[in-house]
Each structure stands twice: as C-alpha cells, then as structure tokens.
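Presented sequentially are two complexes of chain A, the first with chain B as partner and the second with chain C.
Then we have the complex of A and B:
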C-alpha cells in the first residue's frame, strides 16, 4: 500500500516552459476563468475545445500526461459507478428511454447528465492539477495574496487565509508520509487493512486515525512555536523580497485566454444543450 | 479582524488532513450504496470547531469544501453550492453544540458535536444536491440514511477519542479546565 504514490496535489514540477514562466496571478486567473466556464458549459463541442486547450497546456508545460492524471486513477471506479447510477435514476418529463432492464430504465437525459457532470469533474481535476504542478508554493502564495489583497478593505485577513491554504497544501505530503509509516507499523503488528466486511474495515480506521491526528497536532504545536519565535504576523506592513511583475508572456497568455473564453461562450450560445 | 498564529496553523493542518483523507481515499468508508462511499473527511472540521472555536471550524470546512470541489470524489461535488457552501457550517455547528452542552459533560458534548456536525454535512450536502437536481429526492433520503447513520456514529466516536488524545499533547493553557 503506497499512499504517497498517487498524490499529485501540492507537488511542483520545476521547468522553464511558457506556462512555468507565467506570472502566478495570470495562471490563477486563467484557472479561475476555466473553472467558471466549466460550471456553465452544457455542450459537447465546448468540452471538446476545453479538452484541446487543457491538453495543449499540459503538452506546452512538458508535464508527462500519465503523471498528471495518476492522481485521478483512484477516482475512476467511483466516476464510472456514478455515471451508471445517473443513467438509471435521473429522468426528466420528456426523456426518451434508451433501454429497460427489470425495474430500471436508462434515459437519454440520464446519459447526458452523467456524461456532462463526469466531464466537468475530469476537467476540474485537470486544471487544478496543472496549476499546482507548474506553480511553486511560494509563487502560488504571492499570487493569491496579491489577487486577494482588495478584500482586505472589507476586513478579511487575506494574508492569514492564504497562509492557511499554503500550510494545508504543504502538509498534505508530509502527513501522507506519516500516514504511510503508521499504516506499515500497524500492518507489521498484524492489522489486515484489506480484509473483512465494512464494519470490520471501519474499525480498522481507529488505530490509524489517532496516531495520525496526534502526530499532526504535535507538528502543529512545533510550527506554532517556530512561527511565533520568528514573530510571524500576517497582514499590513509586510514587504516582499521578490515582487511580482507582469511580462510579455502574460500579455500573450491573456490574449489567448480572451480568445478561448470568447470561443467557449460562442459555442455555449450556438449549441442546444442535450438536456 | 486578524487570525492568531495558532488559528492559522491548526486550520491549515486540519485542512491538510481532510485533503489527505480525500487523495488517499482513506476518508471513504466503503458502504454498499448507490453513492459509493460514506465519508469521514468532515471530521477535521468538527475537531477544528470543538478544539479551536468557530473560526477554525469554518476555515477547515472551507478548505475541505474547496478541495472536494476542485478534485471531486463524486460528480455532484463539481458544483460549489453542493461542495463548498454546506461544508462551511460543519465546524460552526459542531462548535455551537459543544459550547452549549459542555457544562453538562465534556464527553457527552464531544459525542453530540460529532454527531450533529456529521448530520449537518449529510443533510446540507444531500439537500443541496437535491435542490440543484443531481439526485432525485427519494434517492437522497435513502443515501442520507445509509450513509448518514454510519458517518454519524463513526464521527461521534472519533470526535471523543481524538479530542481526548489531542488535549493531552496540547499546552495546558489552550485547553479549557476539565470539570
């Protein structure tokens, strides 16, 4: 059981590609735009364009496609299962029945609903993974802080919230290694994690959870002391060693994004949604 | 408004545990129902509320929600109204329940906070999924019973054990005096 193998979230693959060189703010805004578009897209041609765009971005960034989607593998069975589930259960008044079996009948509305939502899941995953794989944690922090800074005006502690997000992302990998150790230690003591019915399996969570949380909270206490010893304060009057600058690449990326957004909106408007 | 270093770090680490349970699939209890899995990913949010108060509970819930939106485990989570919005309440509700009942008995308060926090997650998520049209209402109710009940039991037990365990290693002044 290798837990850390499939984790791509919070991993950064250094590189010098067009996408790596973009200002983090450009990348965050671009991802935000694609995510918002994904929420309103209900047509297959538009998804086709999104696919080409994301695939091109992965190719340009030089990320091995197999690696980018390795974090997706454990989700696959659930997605397929859910699609089948929606195929049979989702229905609307004018839905055509594709085929029936016993008390279940599959409708075209269910088919499309399942397909569209599954595509959305896949692309949401792809876009966020691409963002974190091509942006280092430091630039992600700087970019988010800079983008959220207007919210300080309404009293939100943006810098602290970004710090929280960064700690969360950073600690996923650290705690994953910890979890690996705990599970191996418990297996060495004879706990068989893959056997038993669901109540027996649930019971086996306890000897893993307690050590995991205790070790996480020990690390938290250490981090609190370390940060307080260095007088960490978020918020005002902080200056940066490296300031962000928008460059020519960002202008080009911006133009590409405008063209892409326009094309998607055009496709959404001209195609009739299948449901 | 500003957050103390303690609140920043604890919410961050609890958020990390939520994400970790998601990416390793360890947070999913295989329950044989149409929606696939019951979850224990909301337990860090409950703990945040009980141990550190409503703000940490809210932030931890938000991180959990954001993660389940961006890396969805089930298709209907690919909608921020289903994945993020309901999760904001888990920690806050857990805190309120704990705060209201801790004078009676802290163990009972933890059990109730875990159970009600878990029920908040189940009801709000399935409610939103039904309102947004991803699930027919009869299916939601059956998932709610089949998933909600084991989730609730596991959450209640885990909250008691974890709160007790964690309080032992925290600095004295951060824990409220035991009755």
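Then we have the complex of A and C:
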C-alpha cells in the first residue's frame, strides 16, 4: 500500500541538467507551445516527432524512464475508457465499419479519433509532469507570475492566482499521503478494498473521503495561519529575493523550440490526417 | 499469535528516484502475552516496522510470520489477520470517520458481519474498557471530542474487532499529562486483565519504562538494543548516543550512584524509586 509512489505530477526532482538550468519562463512557454501544437496535430508522424522530442527532454533532464512512465499507471483505466468511448461513438460519413456488437458499431474513424484523443491526453500529462519535475515550486511561481504580470494592468490579482495554483499542485501529493494513511486505518479494521464487485468497491470509497476532506480543510487553515504569521499579504508590493534572468541556455532552448515548431507545422501540412 | 520477523528489509518509493531504505535486516520474535515497547528517535522506522505486523506493508526482503502464516503468502486471509492484529494509528483523525462515537466503534464489528445485538454489546463493552461512558458518548459527535477522548475512541474502535495483539502507535503524543495518564491506565488494564499482547510504539523512554516488560530500540532502521526493560536502561550512555532521553527516574538514580549511593535494584517508576531510595537510606542509617 503506497499511493504516493505512482504520483509524479507536482513532484520536483532536483538536478543540474540543461532543462533544470533553464529559466522557468522558458520552460513554461515551451510547454505552452507543445501543448498548443498537440491541440492541432491530427497525424501520427507528427505525434512521433513530439514523442521523440519529449523523450529526449526526459533523458536530458536525467529523469529515470521507468519513473517518468509510472505516473501514467493510475491513469491507464481512464485512457482505455476514453479510447473505447470514441471507438464506438465517433463516426463520420465515409467511415468504414470495423465490427458491430449489439447496438454499437466500431468504425475506423472512431478508432483513429480514440487514438488521437488518448495520445493528446498522454502528452499533455507528460509535458506538464516534465515541467514540474524539473522546476522547483518557487521558480515555477516566479516564472508564472512574471509571465502573467501584463494582466495586472487590467486589475487581475496575478500574484495571488499563481500562489493559489502552485499550492493546489503541491496539495496533490500531500492529499495522496493522507489518503494513504486513511486507507491503511480502514484496512486495519477489516475493510478489503480489493474485494467485491464494482458497486461494493465503490461503496467502500465513500468513508475514505470524509476524513480526507476534513484534514484538507484543516491543513488549508493551518497554512493560512502559517503564512499570515510570516506576514504574507500578497499583492503588488512584493519584491523578489532572486530575480529571474534569461541566459545562454534559454537562447539555445528558444532556437530548438523554433526548429521543433517549424518541423511539426511542416509535418501537419504535408501529411494527410487519418480522419 | 506469535510474530516472527526474519531479515526484514523495506524501502519507501521503491523503484523511483526518491527510494529510501527504511528497514535493514530486522529479525525479532514477539511471543503471546508480551508487552513490548518499540522505542526510537523519529524517522527511525518504528511505524514502518509495526505496519508489517498486520500486513499493511509487505516486506521487500525477508519475511514476516504471524501465527504461523506468512503475510506475503497470496493465500493468507489478510482481512482476518488485520482484525486479529489491531493497530491504533498515531493520529486519531485519520482513523475516526463516522458521525458518532458509537457508529465509529461499530465499524470493525460491522465488517465482521456481526448482528445488531452483538455489535451493540461489543460497542458498550469496549467503551467501558477505555473509560468512555456509553450513555454520554455513544451518540456524541466525533469532532466534538477532546484529544484524549479521540484517542480512547480510536482504541475502542480497534478493540471492538477483538484483537489478540494490539499495536499502539505513539498514542500519547500531544496529550496533556492527565490525558496521557488515562490512556496509560487503559493500556495497562488491557494487558493485565485481558491478557492482550501489546506492542507500544513511542519515543518517550518514560512511558516505555513505566509500561513495557521488554524494549526494542530501533535506530536508523536497525535493531539497536533488544531486551528486558531493566537491562536496556542500564545502557544509558548508548541510548543517549542515538539521541534518546533516558527516563527521569533513572537519571536521578544514576546521579545517586555516581555519588556513591548503593541501591538494591534499578527502579522504573516513581513509586519504585521512592521505595528503593528509602530502603537504601534506611540501610545506610542502620550501618552507621
């Protein structure tokens, strides 16, 4: 029983690699570009290139491949469900029927749509995980804040928003740890979470969430008091101990990103999408 | 239900860059009716070790045998095992989740599929054992309880499963002296009257000295000392070297010994110490 083992989102893996040394803004913009490209890619070769690119980034960052993949394990049922859903429900006028079952029929268009949607989610998750694995919480906050600062002009409390978001990310891991303890406490009193049918299993989940919510609220309250005790006020008048600087590595990364984006757009233009 | 641990190794986050080896080749046996204190500094692996006793964690190396069954055996009935080896957690908030005290205590027996009458009887019986008045507390909201009452409700919830071994994980932490004394009395009674095997995890030497018969000292995932409580506390220099305090009573006795006072035995609690010092004093007066 160890829930935290499979959570990679929101975890920071310290290192000194090329990717670790990049300015957080460079990494956030690069992730943003990749994510935007993912939303328009509809062909397998382009996905292939994205895969190679992300895989290379994982290797350069020195993240063990097995660990990078372990984050997908808990998502697997959802991904498979998504694919099946698309397989049976998506269709287009010229789609060929692959096979039929009862009132459902699977088409090749559905098959490809399922594949594309699933790949999209996998890469979205992968890119975000890579960002948080190589960027500490403090620099992630600073980077986002600096990027969002133009919005201050229209009265958006960017600093507070970013702080909230980063804390939420951090809470993923904390809540998983607490969930682990609660599940253990109930297992110790005779709950077998792995026994029974789907409905019986689902029923066992509810008593787990009550203590989890209560402890989450408690933690949030403690966090507020701790922040106030250290005179956190948020807002515009905050200054930084460490200011961000773009360096040589960021220039190199920028050039790589331009080349990558050009390649992907070229691939999108020349390949015929499967649907 | 004896527990036998052989060459137990365990790591958290195994297979990730954060892998941390917590237990290194631990071997020990706990027999029926023992009162064992597991003592060690924080992060020494006490809780990790104890969670192997009721198969909440599975060994990465070596084996854990409870009542003749290997916990890692896929055929083993782990639900039954966990009910027989009761575990009271460090923080009662993780353990208590029902609306009222009565409902929460009934959770274990409900999982054992007992009928309503039996459950009610058990709830009343264990509430009496931990000193919570049935009529006052049965309908009481869990979140309206004080720290000490929460701990007692948590212990009652585990006792309701009728365990043969009871693991208490730092159950006195954060309590005021009175709450602490009340919990210790409950624990002492369980061992003496119900003959339940007790495994008491703590980083307080004073509590271990007062309650346990045998003490296992864990440091950095290894067994540092294991023996009868009086033998353990003779090695005060070693205990101090790993950052543990020795019981206050023993420090006083040590000071007396350093000044040439000859004492008949090593006392473990205040009452014994008073007797012991009084006897020594009387003998000295007579010899003069």
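Everything that follows uses one rule, which is that the second predicted complex is superposed on the first by the 256 of 275 C-alpha atoms of A that agree within 3 Å, B and C clash if a C-alpha of one lies under 4 Å from a C-alpha of the other, contacts with A are read in each partner's own complex, and residues count from 1 in each chain.
Here is the rule we use: contacts are C-beta pairs under 8 Å (C-beta built on N, C-alpha and C of every residue); 3 or more make two chains touch, one makes a residue touch a chain.
Nothing here was measured: the structure is a model prediction, and the numbers come from that model.
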item	value
Which of chain B and chain C A:189 touches, first, second, both or neither	second
If touched residues of chain A are counted for chain B and for chain C, the larger one	B
Touching partner for A:73 - first (chain B), second (chain C), both, neither	neither
First, second, both or neither for A:202, with chain B first and chain C second	first
Touched partner set for A:176, first chain B, second chain C, both or neither	first
Which superposed partner A:63 touches (first chain B, second chain C, both, neither)	second
Partner chain in contact with A:210 - chain B first, chain C second, else both or neither	both
First, second, both or neither for A:238, with chain B first and chain C second	neither
Touching partner for A:13 - first (chain B), second (chain C), both, neither	second
Contact residues of chain A, present in both the chain B and the chain C interface	208, 210, 214, 218
Chain B residues within the chain A interface of the complex	1-3, 5-6, 8-17, 19-20, 23-26, 29-32, 34-37, 40, 47, 59, 63, 69-80, 134-136, 139, 150, 154, 157-158, 161-162, 165-166, 169-171
Contacting residues of chain A [partner chain B, same complex]	3, 6-7, 9, 35, 38-39, 71, 74-75, 78-79, 81-83, 85-86, 89-91, 113-114, 117-118, 120-121, 124-125, 128-129, 155-157, 160-161, 163-172, 174-176, 179, 198, 201-202, 205-206, 208-210, 212-214, 216-221, 223-224, 227-228, 232-235
Chain A to chain C touching residues, read off their complex	1-2, 4-5, 11, 13, 63-64, 66-67, 70, 178, 181-182, 184-192, 195, 207-208, 210-211, 214-215, 218
Chain A contact footprint on chain C (complex, rising order)	12-18, 51, 54, 56-57, 78-79, 82-83, 86-87, 89, 91, 93-98, 107-108, 111-112, 143, 157-158, 161
